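First subunit A sits with subunit B, and in the next complex the same chain sits with subunit C.
Moving on to the complex of A and B:
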């Protein structure tokens, strides 16, 4: 197979499975939807209610982005720049909330205390998404150069050194904040669940759901997703620019800066770090284990929901593999292409991610619910794999293209001269060289797919999944069952990552 | 130390990453094999869409699988949209139906599907002893195992003489902020309010809603939450379904129940309904499943379950805490008209409850 044929096939798959849903959104908004009593997009967006939704969505997104970034940056600073006890453990433990979906964190905390309204929704998101900011900031702070900091300290004291560190970390922090903002405004399940009791906090993603499910207005639902899509794309563009800046800090010989003594701040810092770890992961998981009561309950839950658990693992792994296969070729093309081409590919890949997940699901239903051959996808787990692939492809792409970008092109030329064909170079040579990145991309998409509820909540085939089951069972007062399912889900999300970490001799790379 | 890299015979490149790469491949192939195996195993013999609570429906469907050997693929509703979501999916799939049987835990939406021409007639022999009032004249649906809209009362907060008797008691100033009704945008509460529009008239219903909101009624998203808030003592009483009341009663909570409107307008009773989908892919298995669901045993088991459904057949046994259908004063409503006007009523309700 020639290099061109490989690229053509990959780009067709990329266009059909990742880009097309985004285009379909615009198609429905502009030309309407023949299958429903459609309103023109302009009519939908002109209502006064839109302002309330926009303000609510912006408030939530901005508060969570600011809060999670502040918590994550503080955690990162404590773990990388100070002599905090057990800081090595802390910098692994803060990944815990990523294995615990935000909805489950909400279930745990509403099960323990009466929390409702905006503050509760924002709090749940902040403690669930802060690891993104922590990881970004920590990677930036770890690049702090000892000599540069010493020079700053001599010139302007500790204050200037801190300022230098802050400036160095700022682009990463802001990039993380943009990512957190996108995740937050796209989420439907947490605002819906936390608003189950008390005043309803309406956001765009909830409105999209409502218009589709309750009013049966597909084009209205899709049109309602345009403002959050615009916000998401703007945040993505900002994150991409900031990511580029944070990557150009180190010059010349690098000497890592030693951690600073916390002194009298040690106890407050230890308290803060362990408080965050406890609130975001340890207490919720402990609550689930406590609620389960006996191992028998967990085994019963496993028996009852085994089909759902298996399905969840299948579509998450399926989406991760599919995303990896496409990202290997497209990511390679992006890594070897110019800045503008790279940016265009990234923007196209980001489109489905920036959409509220519910809107993506509606578009996918429209695309695959056509009968005939498409029914094989619509009626099977295939559609769930395709939705996850479209939604999270951008992560696989970013990690793989960063990994392949670091591979010397001369190595490929040498392999070609030695007689290795394009297909073997693409699918054997490059994966071996960039294996840590590929593994990182696989695990990232796997974990994100395991966490996802919104994208599958409308799809009949997504009905048999752990997240769906949990979402429904919480309404039936089955606290032990829900707790057991949540604990099993967290465990099953964590296990593949743990196994890969143990066996990956060269480690796992997730450079975004 | 430089990494050992060797190119052999122009095709094979070995380095320290080879083993790692092979391990990764093994893990990924394992996942793919699992996916293919699972995909190959899942060939449904009948597809059912049901808004019945998964907890109660699942064991019944598993029993049907065991008895008949027909593999059932069940699609459940989501609590955020309830039956409306499944109806939406059925309408979406009307040109190429995937679903064979629709088991709805309320009737109004089933009637809407019948009017839309989505249902196929099937007079199940198992429904021979179900009263005619619970069957469609054209045999497009059959109702069974009802729920009623009742008041759940916290016995610690409300004295027996203060128990609410009809919906007007939700407007008493004494109970301001201590009463609860689920937001009537989906589920049985939507059906209940849609019935009120036809029974009381549009103006009186709108006045009732305005006064309800003015009386600071707690408006959670579902009936289960109303029951939970009353049982937990945050509310004195609220409007809910019999199954949600039963969940709290069975959990030992200090709650009581009142069937509203005895001697007056009556209680809203919402039976389950089951229907065969027109042009469905597995009609014979669908009919078998309908026969099973309409059997006396299923209705009896639903009565004895935590769902505490009210049997519509006198001959079906029920536990003492489940009221017999003959002992309930049922609110008389023009159900076909309720179904016909549902969309307009929902739009009106949104103007009050979705701001």
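Moving on to the complex of A and C:
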């Protein structure tokens, strides 16, 4: 197979499965839906209610982005720049909340204490999304050069050194904040659940869902998603610009900066770090285990939800593999292309992620629920794989293209001169060289797909999933069953990551 | 005499290993002092101890007559009024050219108009006028080097420490930058301690040189003095590029593969003697040898010659072919300071 043929096939798949849903949303928003009499976006967005909801969503997104970034950055600072006890463990343990979907964190805390309203929603998101900021900030702080800090200390003491470190971490922190903002404004399940047990706090995604559910107005629902899409894309553009601005050495050898002694701050720092770990992961998981009570309850839940669990694992792994296969070729093209081409590919890939997940699901239903051969996809787990692929492809793309960008092009030239064809180079040579990044990309999409509820809640074949079963069961007050399913879900999300971490000889890399 | 730096019996240990041992060194104000030694000899640690980046485990450091480091005192780096240029420059990539300097002046609470003037002055001093808005990665190697020097001078230091400052630039640029450094030091009349492992770089700029080996200061003096009269075998080989030969000392003479020489110190038995390449040349008489290799050096050719079972280096204006039979003439007496016993 020629190099051109590989690229053409990959770009067709990329366009059809990733870009097309995004384009379809824009099409509906701008021109309306020919299949129904609904108004285009301009008409839908004219109502005052839309703007109230938008302000609510903005407030929530901004508060969560600020709060989670502050918590994550403080955790990263403690674990990378200080002599905090067990800091190696802390920098692994803070990944815990990523295995625990925000909805499950909400279920656990509302089961333990009376929380409701805006503060509860924001708190749940903050403690669920802070690892994004922690990981971004930690990777930036770990690149702090000892000599650059010493130069600052000589010139202006610790104050200047701290300012330098903050300035170095700032782009990563802001990029993380933008990512957290997108996740927050796209989420409907947590505000919906918290509103169901206390005073309502409506967000924009709720409105998209309601418009679809109440009126069956697909195009209206999709058109309603235009403002969050614009916000999401703006945040993504900001995150892309900020990403990678935290390099620390211009030339010469890198000298890692040694950690600073916390001194009298050690006890408060230890308390803060363990408080965050406990609130965000340990206590909720402990609560689930306590609620289950006996192993029999867990086994019964497993038996009852066996198909859902299996289905969830299949579509998550399927989406991760499909994203990886496409990202290997498209990511390679992006890594070797100029800045503008790279930015264009990223923007196209980001479009479905920047959408509220509900809107993406509605568009996918319209695309695949049209009779004929498409029905086979719509009726099977294939549609869920396609939704997850569209929604999370950008993560696979970012990790793979960063990994392949670090591969010396001369290695490929040497292989070509040695007689290795384009297909062998692409699918045998590069995966071996960039294996840690490819593994990282697979796991990232797998974990995100396992967590996702909003995108599958409207899809019939997506209703057979652990997230949907949990979402459904909480409304029927099946506490033990929900707790058992949550615990199993966390465990099954964690196990592949743990296995890969243990057995991947060259480690896992998730540099974006 | 007023000293910019005084080190008295200075010792520094890192990770339980003594890197600098009992160093005594006085550097007068306004002197350009070069600390020279091979990699791992402890010169960077010595410099970092003066800067306050490493704690001395013994002895004292005085800067401008004030004790900054002793058994019970350790002044913070920023309190020592020093400037430092790191080997890899350690420029702050977060900030553009002018901001690198401005941040230091902000810490010093300099008012904004005065700050702008000072930044402009410093950039002009290092010939970076008009580059205020440049990002660090847009600078060439020489420009980055100059900016690092300007940053080190921004805090108005009384002492400038240069840790292999020319290590990251290519050879053609190194000579001109070394000259610029020297001119700058003369203009500012500031004491400089310049660390390098390059003998040519060190001898080109130094008022005085200190040679360091295995954590100990071996010799301090002018470049010519150190080359002509090295105090130890290490100094002879490292700075003077002497080739050391074995000799047999008898009452009035020392017998060596290159001939018989005077024995002014009255040594007996096996001794070592040394020759610099410029002490040897090819002639019509002298020890027989065979040319093994040759390399061009400005002013002539350096030949590696095997003679009497030993290898020596001979400097000659004209190149001899490899494998040619030559006769080695000695232009001056060999080095044997009190005789280094074999």
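To be clear about the criterion, the second predicted complex is superposed on the first by the 502 of 512 C-alpha atoms of A that agree within 3 Å, B and C clash if a C-alpha of one lies under 4 Å from a C-alpha of the other, contacts with A are read in each partner's own complex, and residues count from 1 in each chain.
Here is the rule we use: a residue touches a chain if its C-beta (ideal position, glycine included) is under 8 Å from a C-beta of that chain, and two chains touch if they have at least 3 such contacts.
This is a predicted model, so every value here is computed, not measured.
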Touched partner set for A:418, first subunit B, second subunit C, both or neither: first
Greater residue coverage of subunit A in the superposed arrangement, subunit B or subunit C: B
First, second, both or neither for A:458, with subunit B first and subunit C second: first
Touched partner set for A:150, first subunit B, second subunit C, both or neither: second
Touching partner for A:310 - first (subunit B), second (subunit C), both, neither: first
Touched partner set for A:200, first subunit B, second subunit C, both or neither: first
Touched partner set for A:495, first subunit B, second subunit C, both or neither: neither
Common interface residues of subunit A - those touching subunit B in one complex and subunit C in the other: none
Complex contacts: residues of subunit A adjacent to subunit B: 35, 49, 52, 192, 195-198, 200, 202, 209-210, 212-216, 304, 310-311, 313-315, 317-318, 320-321, 324, 365, 369-372, 375, 378-381, 414-415, 418-420, 424, 428-429, 431-433, 435, 438-439, 442, 457-458, 460, 463, 468-469, 471-473, 475-478, 496, 499-500, 503-506
Residue numbers on subunit C that touch subunit A, as the complex places them: 51-53, 76-80, 82-84, 86-95, 103-104, 107-108, 136-137, 141, 144, 151, 154-155, 168
Interfacial residue positions of subunit B with respect to subunit A in the complex: 7, 10-11, 13, 15-21, 23-24, 27-28, 31-32, 34-35, 38-39, 42, 49, 53-55, 58, 74-81, 84-85, 88-89, 91-93, 95-96, 98, 183, 185-186, 218-222, 224-225, 228-229, 247, 251, 346, 354-355
Of subunit A, residues touching subunit C in the complex: 145, 147-148, 150-157, 159-160, 163-164, 167-168, 247-253
